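Presented sequentially are two complexes of chain A, the first with chain B as partner and the second with chain C.
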Partner chain A sequence: MHFVCEKNVLAAALGIVQRAVATKSPLPALKGVLLETEESGLVLSGTNLEFGIKCSLQAKIIEHGAVVLPAKLLTEFIRKMPDGMIDASSHSDNPLNINIACGNIKFDLSGYPAEEFPKLAEASSDAARLAVEEGLLKEMFSQTEVAIARDETRPILTGLLLETEANKLKLVATDGHRLAFRQAAYADNTELKAVIPGKAIREVSKILEDAQDKKVEICLDDTCVVFIMDGIVLSSRLVEGKYPPYQQIIPTDFKTSVVADAQALQAALERAEIIVREGGNNLVLLQVDQGITVIGASQDVGRVEDFVPAEVQGEPLEIRFNVRLLLDCFHNIKDQQVHLDFTGPYSPCMIRPFENHNYLHLVLPVRLS
Partner chain B sequence: MDENIQKLEDTLEEFYVALTKLKKEFSRLAMEIQRLEKENKWLREQIPGLAGNPEPYKEGQNALARLYHEGFHICHLQYGNLRTEGECLFCIALLKK
Partner chain C sequence: METPIIHVDMDAFFAAVEMRDNPQYRGKPVIIGGDPRRDVRAVVSTASYEARKYGIRSAMPLVQAWRLCPHGIFLRGNMRKYAEVSRQIMAIFSRYTPLVEPLSIDEAFLDVTGCEKLFGPPRQIAAAIQEDIRRELNLSCSVGVAPNKFLAKIASDLHKPGGLTVIAPGDIERVLHPLPIEKLWGVGEKTASKLRDMGIDTIGQLARLPESLLTAAFGKMGAGLWRLARGEDGRMVTTSREAKSISREVTFPRDISDPEQVRAVLLELADDVALSLRRHGYLATKVTLKVRYGNFDTVTRQGTLPAPACLTMPIYTRVLDLLARVDLRGRGIRLLGVGSGGLVDQTGCRQLSFFENSGLVREEKITQAIDKVEARYGRGAVKRATLLIRKDP
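Right after this comes the complex of A and B.
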């Protein structure tokens, strides 16, 4: 194998692929990056068996070949190289020993045979395909990803539900304490349903750009999902199981409805968070009457009371929340005004942008024993 | 020859590590089974309808509400498990029905 490529291009590609590389594995090849030459350039692949990333980059191929090199070492070395062209070639007597040169610097790295590298998950030829605007998908993922369960007690909730029905693309995530729902118009009328692992969603979100002129292709079959982006392919196994019927937990009748300035309410919650975080309880009390009074108090630390003017309809109410869960919703609301709908002090509160009915959050209040 | 012995030693070491892990997992599971059996017995005692004399619907709802407030999940996802992380959206939705 022999190729020449730009250092910065290789370093950037390694940075992306390394996110999928297993940090701990009994298989040495899993801790490595597969380097393969193709007619068009170099292809790097990394996988931890849950998901994998493949990245293509421009390179001058002098001799074709493939090898697995230790990801951590290779990435660190390449990053420390001076800017310029990198020349990598395998030793004639040992093709697994790669000599990497950049200017006066040369180093040899021992690798593993490419055959030991596991095959990345691939969607079957009859997989369903969706094309979604890159910026829109990034926004949708960021709005829903926060609610994906981190703990593994309910494996199905560690994934994000992606479904298409009635010309809508819907994303749903819930960890049992909150739920995030986001939908967007989608031209195709095919019905799809898949639960994509949260880890894969978080990695795709980091790769996706805000671009509105680029599209991401999503291939889905019964077992895996593949995101095809510009030069980068991320594939992941799907979470097995049936996603719980989320529609049943979205309330439709409310006793108190509030419209408030999103920024003012977020700022009040952030101020309250400073006090409650210090006290270690993260609880804020919302008094909803003529407006919303945000109260954060911690014994031995202090107390903050902040009145946010709001339009309130229905019964007055006092309700306690984990301030972090509320702020996670507000960080993703870009509208000027926000709707908060309550059904009682112990029932979930629905938060949604005033003018955007395609996005909502449900947050459960905290009940003090 | 030396290389083969080294490989064999490595494999045996890996096997030993795996076996130790397996033993630990086995004892953890045994304890978990014991805990679940106790919990199941207690839960069965708490639900009046389960012993064979079905109670009216409202009684069942009350029993579910009581179970929930005593700290157990009543939703399909985790029925009977302890609610170690506070409230649950799915249980609340079931109670509101």
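Right after this comes the complex of A and C.
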């Protein structure tokens, strides 16, 4: 194997692929990056068996070949090289020994045979395919990702539900305490349903760009999902099991409806958070009457009371929340005004941007016994 | 003297209480810990000074103590009584200062800053406390007076029993430096042998080393040791201590290996831990399982709870998960322990969930009912059927 490529391009590609590389594994090849040559350039792959990332980059191929190199060492070393062209070639007597040169720097790295590298999950030929604008997908992921469960008690909730129906693409995440829902118009009306692991979603989000002119292709079959982006392919197993019927959770009748300035309310919650996180319980009280009064208090620390003007319709209400859950939602609202709808102190609060009815967040309150 | 700290340590506390209440034991070797003929696995909890002459020490297996002193008076002890006496002692301390930090049932730190005008200099306060305890409770204690907690504890230990030792700022080197390194807080067997390998036997030798050398060898703890060796200890006397963990363990008279029995014991321990959490108003976020095999090999496994809990079942279920990661095949178990950590205040509030675990809600109600019954009729008034039919180990 022998190729020449630009250092910055290689470093960037390694940075992306490395996210999928297993940090702990009894198989040394799993802690490595697979380098393969193609006609057009070089392909890097990394996997932890749960998901994998494949990244193609431009390189001049002098001699074809494939090898697995230790990911951490390689990434770190390439990053520390001076800018310029990198020339990598395998030793003539030992093809697993790779000599990497850049200017006056030469270093040898011994690798593993490419055959020891596991095959990345691939969508079958009859897999369903969706094409979504990259910037839109990035926004949709960031709005729902926060609600994906982190603990493994209910494995199905550690994934993001992706479904298409009636010309809509819908994403749903819930950890039991809150639920995020985001939908977008989608031309096709094939019906799909898949639960994608939160880890894969978080990695894809990091790779996605705010581009409006590019599309991401999502391939889905019964067991895996593949995201095909510009030069980067991320594939992951799906979460097995049935997603809970989330539609039943979303309330439709409300007793109290509020419209408030999103930034003002967010700022008030952030101020309250400073006090309540010191006390360790993250608890805020919202008094909804002529407006919203945000009250945060912790013993031995202090108390904050903050009045946010708002348009309130219906019954006045007092309700307590974990302020973190509210803020996670507000961080994703770009609109000037926000809708808050309540049915009672022990029922979920529905938060929606005023203009955009494609996004909603449900947050369950805290009950004082 | 900067902050005058007094450390009071009762002399052979449990044994002394027994000897006070049973005149026939006085002047005899009294060993608290159990009956060496029955409690084969028990250890010495306290030995009277008469018993210490035979080489009997705390934490020594009771059987060994019996061999050293077959005619000794071996008693199981009465924790309820000792706790009551402890309360009386703490009450005496609080006459002199509100800043009392109980360290265990029989020792405490007192910060007597600002008490001079009322009760005289720290030395005089220490003497008065010692006298009150002797006159009112007929018990002896050793007292140390020093500028900080570490030195006060060192001081009380210097002239036991019945001593009153003051370490003034000018005496620190003279008193502290000749002591063996084990006297430093945080130096256990392992650290001590590591230090000995470095040629360090006394606190003075350690104090003379450059701090950087200790940090290199022991990390953050090294810097702490170095400061202690120089007689520096910035910790305050704190009156209430936040619990960091609540755990329960049991040592079996004979090793057990029956998986069913192991589970039954763990259930009982989880029950105890959960009860203790509720009594203290905590929720646990982590649980630990401790298994000690017959050969004293000990393994611990820790796991996080899906939600903070103070009920038996969530804790027990997690403990069983952890048990699955421990190799039990064919190995006798000497001790089992269940612990809870990452404690958070149970402020009486609960984050609601879309998927209420109906089993958990039911358990909460049952537990509340049982707690009420037990508050009235005593612990054990209601028992799990699993634990009733269990054969005793």
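As a convention for this text, the second predicted complex is superposed on the first by the 369 of 369 C-alpha atoms of A that agree within 3 Å, B and C clash if a C-alpha of one lies under 4 Å from a C-alpha of the other, contacts with A are read in each partner's own complex, and residues count from 1 in each chain.
Here is the rule we go by: a contact is a pair of C-beta atoms (placed from the backbone, for glycine too) under 8 Å apart; a residue touches a chain by one contact, two chains touch by 3 or more.
Quick caveat, the model's predicted, so the values are computed rather than measured.
*Asks:* Overlaying on chain A: chain B and chain C, fit or clash?
*Replies:* Aligned through their shared chain, the two binders clash on chain A.
*Asks:* A:L368 contacts which: chain B (first), chain C (second), both, neither?
*Replies:* In the superposed model, A:L368 contacts chain C only, not chain B.
*Asks:* Once chain A of both complexes is superposed, is A:P26 in touch with chain B (first), chain C (second), both, or neither?
*Replies:* In the superposition, A:P26 touches chain B alone.
*Asks:* Would you check which partner chain A:R154 touches, where first means chain B only, second means chain C only, and both and neither mean what they say?
*Replies:* In the superposition, A:R154 touches chain B and chain C alike.
*Asks:* Contacts for A:I249 in the overlay, against chain B (first) and chain C (second): which applies, first, second, both or neither?
*Replies:* So A:I249 meets both chain B and chain C here.
*Asks:* Which holds for A:L283: it touches chain B only (first), chain C only (second), both, or neither?
*Replies:* The second partner, chain C, only.
*Asks:* Looking at A:T174, would you say it contacts chain B, chain C, both, or neither? Reply first, second, both or neither.
*Replies:* The answer is both, since A:T174 touches chain B and chain C.
*Asks:* When you line up both complexes on chain A, which piece of chain C, out of 131-139, 185-193, 347-355 or 383-391, runs into chain B?
*Replies:* In the superposition, chain B collides with chain C along 347-355.
*Asks:* Please write out, lowest number first, the residues of chain A touched by both chain B and chain C across the two complexes.
*Replies:* Common to the two interfaces on chain A: residues 151, 153-154, 174, 176-177, 179, 244, 249, 346, 348, 364-367.
*Asks:* Going by the contact rule set out above, which residues of chain C touch chain A in the complex?
*Replies:* 304, 306-307, 344-345, 347-355
*Asks:* For the complex, which residues does chain A have touching chain C?
*Replies:* Within the complex, chain A contacts chain C at residues 151, 153-154, 174, 176-177, 179, 244, 249, 280-281, 283, 320, 322, 346, 348, 364-369.
*Asks:* Under the stated contact criterion, what part of chain B meets chain A in this complex?
*Replies:* 14, 75-78, 81, 85-90, 92-93, 96
*Asks:* Within the complex, which stretch of chain A touches chain B?
*Replies:* 26, 151, 153-154, 156-157, 174, 176-179, 244, 248-249, 251, 343, 346-348, 362, 364-367
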